[in-house]
Structure formats: structure tokens, C-alpha cells
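First up is the structure itself, then whatever we jot down about it.
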Amino acid sequence: MTAEMLEQFNRDTFPQIGHMNLKVEHVDDDSIIISMRTADRHLRPGGTVSGPTMMELADAAMYMLLLAQIGPVALAVTTSLNINFLRKPVPGKMTAKGRLLKLGKALAVGEFGLFSEASDDPVAHVTATYSIPPKRDGA
Amino acid sequence: MTAEMLEQFNRDTFPQIGHMNLKVEHVDDDSIIISMRTADRHLRPGGTVSGPTMMELADAAMYMLLLAQIGPVALAVTTSLNINFLRKPVPGKMTAKGRLLKLGKALAVGEFGLFSEASDDPVAHVTATYSIPPKRDGA
Amino acid sequence: MTAEMLEQFNRDTFPQIGHMNLKVEHVDDDSIIISMRTADRHLRPGGTVSGPTMMELADAAMYMLLLAQIGPVALAVTTSLNINFLRKPVPGKMTAKGRLLKLGKALAVGEFGLFSEASDDPVAHVTATYSIPPKRDGA
Amino acid sequence: MTAEMLEQFNRDTFPQIGHMNLKVEHVDDDSIIISMRTADRHLRPGGTVSGPTMMELADAAMYMLLLAQIGPVALAVTTSLNINFLRKPVPGKMTAKGRLLKLGKALAVGEFGLFSEASDDPVAHVTATYSIPPKRDGA
């Protein structure tokens, strides 16, 4: 799936993450870069970006990276996610850069760095595992 | 801090999680039970609750469990969170039940089970680590 | 599988963990307690137990908890393990107490507390995921 | 610390990991490559390398990466470790390649890929967190 197809699939299938206004900046055979713009609802006191916003961005990035490889399978589900928060993120554009560590028949594993504007150091690091539903006969 | 104080602190300090309408059902020296009611924004296609909603609930539960012990320290920050998604959650009331595994000077670690209505089996399991800011002199 | 069967299976199949001298103290439908006695090779300077020893104990506990339910399937493999080190363990008897959070067709998830002698507080907490190989026809 | 200093420090301080015969192949300001050769004690039935061996290698790699930056501080301790097992490793040389994601005053976070001979795909991926003891006055 191309960047445009991924964005369209997302809009159609997950209206609930419309608030993130996700943009696919790059996608290829084993990596992806997506970005969002933080709004008030994503911030915490002191003007930092909330942890759940970063987890949601990483989860979406993993999903789109996986879809890009296996096609629009809405039933793929996250089975685990591990995040380390590293630095204080600032509001504005937030980018998730990730790659597949494994794309197996039943499980896919990816890792992601999250970045704020104005620094090359990651604000968080995520590994996530997705379960891939078995293909049905005739499907 | 009591349940009422925690809810008030949350409303005052984190208006962004007002959408969760969190309720502290129980809190004591090393455990907490909080609940939320899922709304459309928390759901996924097929009527399941989104992973990010569960991560946000667990993150809030850990924060409130910690605050209940150390008082209203808005600067305590999550340093890591690990979640395993176990079963498909259903919309409605979602409950997080957790306990402190460690409350050290610099780090606190907690674990949480997340539960949907209509089942005693957890829909997700979370461990989370918080960094506790050092007390300032005179504070 | 009973405690004795588990210990026998372990001895036959994994001679490499003989150094742990694992003892199954309890096992039932969804929980297990196993213990080991630390030897010099498991210690670190200052007389604490090494992290890898604790990870190996937890990994073995998860494996035996799973085998107790699904029978002697040597091909079940760990897919992920997350450990939080909480307190300094002391040499001597170390116990892992765990339970299944999920036993699905393809994945099993368990959580474990590790305990040293002389304290009721856990020295570490582990969640682990195992992949269960599909049954072959005729097997 | 240089590669030679790290290996010497390890031999002096952690005789218990002598069985790994660790070799520091590269170390710089924020990355490290170390390797080991698997022996019988590191293997599982079917000739694969055991999970605990990989966890021990990753833990040692993180420790040495940290020491290379902050000097020989035997008291730095792992606070958490998350590993995803990705592919079946083969006996022989096993390499851990890692980098610091964060080197803070109190916490350091690193990520590592583990590699078997004969493949460029990682057999496991690890993130680990170390607690750095505060410097004593006069030290």
C-alpha cells in the first residue's frame, strides 16, 4: 500500500484517530515515517506532549507499517507494546520513524523512534508486536 | 490522597483526560481501582476498545496510584510502560486494578490488570515505571 | 503434567539448566511456584543474584507453567520477556510464583514475581509470552 | 573506557560471566559491538541458542556500553529489560550491536540487536534500562 492508500484506509476505518491528522511521510518494504501535529488535547501541563499521545502515534505507525506490507487487514491486532520515554517532547510536529524487525506468518515486530521538532534525539522508543490473522480459504 | 482528592487533582491538572471521566473506586497504601466509561472516541471497528485507550487508562491508573502515596507531584513522569493485550474488550465500563510493586526514592513500579464488563479475565496487563522527582530543599 | 513429570521432562530435555536445580513446589491449572538455590555462578560482586539468573528462572517458570497445561511440547518458544528489577536479591533460595494471564491457541502470556528468602516483597517482576506451535494432523 | 579496559574490568569484576568469553569488537561514544562464542551450556535441543543466553549477552552489552561512557562503576544496576525473540539463532558466534538511546544522570536506556552468524537479520531485539548510582562527594 502506498502512503496515500494508507492515509485513506485510516480515515475510512479509524475515524477515531482523525484527531491525530496522521501523515505518511515515507513508506517502503520495511520502514515507515509518519507524523502528526499536536493539538491541545495532546498536551500536558508545562506544555509537554502526553505519554498516551506518543503511545497512540507509535501504535498507529506500527499498524500502518504492517498494512503497507500485508494489505488492508483491519483485523490485525496489537499484542504487546513496550515504550521507554526518553526526553521531554515539545508541542508541534511529532514524527515516528520505524522499521520491521520481523514479519512472520503469525506475528510482526517493529521498533520505532519518536521525535519532536528541534532535536535529533528521540523522545521515546517503542517496540510493538502485532498478531496477523490467518488467511481464510478463498479470501 | 483520598479518592476525591485524586479526582479533583486530575480535573484541575489534566483537563485533557477529562474525556475519560475517570472514577477512583478504591485506593489504599499500595493498590488502586479506577474505572472509565468508553465513548465513541475510544472504540475501534467491530466495537472493541482501542489499544491507546487502554494504555491511557493504565497510565492514569499508575499516576494516581503513585500520587496517592507521595502527594500531588505533577512532575512525576512515566519512564516506561509495557502492555500485553490479552482479550477483546467490549465497550462500557472498563476497570484498571493495580498495585505498587516498588516505591523507591527515584523510581516506582506498578502492575495493572484491565477488565471489561462481563468477564473476570483481564483484557490487558500493564507494568509501568514512574520517575519521582527529587524533593527540593525547603519543599 | 504434575510437578514430578515437569521436573523429569526438564532434566531429560534441557540438561543445560541442570545448574539451576529447579524444584516445582506447586502447579495447578493456571499457576506455578518453582524454586532454585543460588550457587556461586549465579552471584554478582557484593553477593547479589545476577539479573540473567533471574531472567533464566522466570523463563523456566513460564515454560513449565505452559507445559503443565499443554503437555510436553518442546517446541514452544518464548517470543518476548519483560522484566523489572525491583530489589536486591540475596543468595539462597529463590522462588518464582506465576500465573497464566492468557492461554490462547497461538500465544500464552504469564506473569511472575520473583522472591528471595527473608522478604515478602518481590525482587523482580516478569511478564513473558510464549508462542505455541500448531498441532500437526495426526499428532 | 577502551575495549581492552572493558574486557579486563569484566574479567576482574564478573568472573561468573567468564563462560561467555565476551569480546568487545567496537566501542565508541554511544554504541558498542560485543560478541561471544556459544558452547554446549548455551544451547537448547535442536541446536538453537537459549533465550537466557541471549538475555545475558544483551545485559552484558548494555552494561559495557554504559561503563564505556561513565567509567568502571560496578554499582550500576539493570532496572528493566525487554526482549523480543525474532528468529532461531544458530550456534557459533553471536554478536550484540547496540547504542545508547539516553544517558541521563540517573537512568540510561539502550537498544540492542542480537545476530547469529550467516544472517543479517536480527535473532532478537532488546531494550534495557540501567540505574546509575549518584556520585558521592569526594569520589
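Just so it is clear, A, B, C and D label the chains in written order, and each chain counts residues from 1 on its own.
Everything that follows uses one rule, which is that a residue touches a chain if its C-beta (ideal position, glycine included) is under 8 Å from a C-beta of that chain, and two chains touch if they have at least 3 such contacts.
Keep in mind the model is a prediction, meaning the values are calculated, not measured.
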Checklist entry - Which of these, C-D, B-C or A-B, makes the same contacts as A-D in over half of the contact pairs? => result B-C
Checklist outcome for this item: Expressed in whole Å, how far the mean CA point of chain A lies from that of chain B is 22
Checklist entry - How many angstrom lie between the CA centroids of chain B and chain C, rounded to a whole number? => result 28
Next on the checklist: What's the distance between the Cα centroids of chain A and chain C, rounded to whole Å?
Outcome noted: 33
Checklist outcome for this item: Going by residue number, chain B touches two or more other chains at 79-80, 82, 84, 129
Checklist entry - In graph terms, with chains as vertices and touches as edges, which category applies: line, ring, star, complete, or other? => result complete
Checklist entry - Tell me, which parts of chain D touch chain B in their complex? => result 79-80, 82, 106-107, 129, 131
Item to check | Touch list for chain A against partner chain D, complex | outcome: 82, 84, 86-87, 101-102, 109, 111, 121-122, 125, 127, 129
Next on the checklist: Show me the residue ranges of chain C that touch chain D in the complex, using the header's touch definition.
Outcome noted: 13-14, 16, 19, 40-46, 50-52, 55-56, 59, 74, 77-85
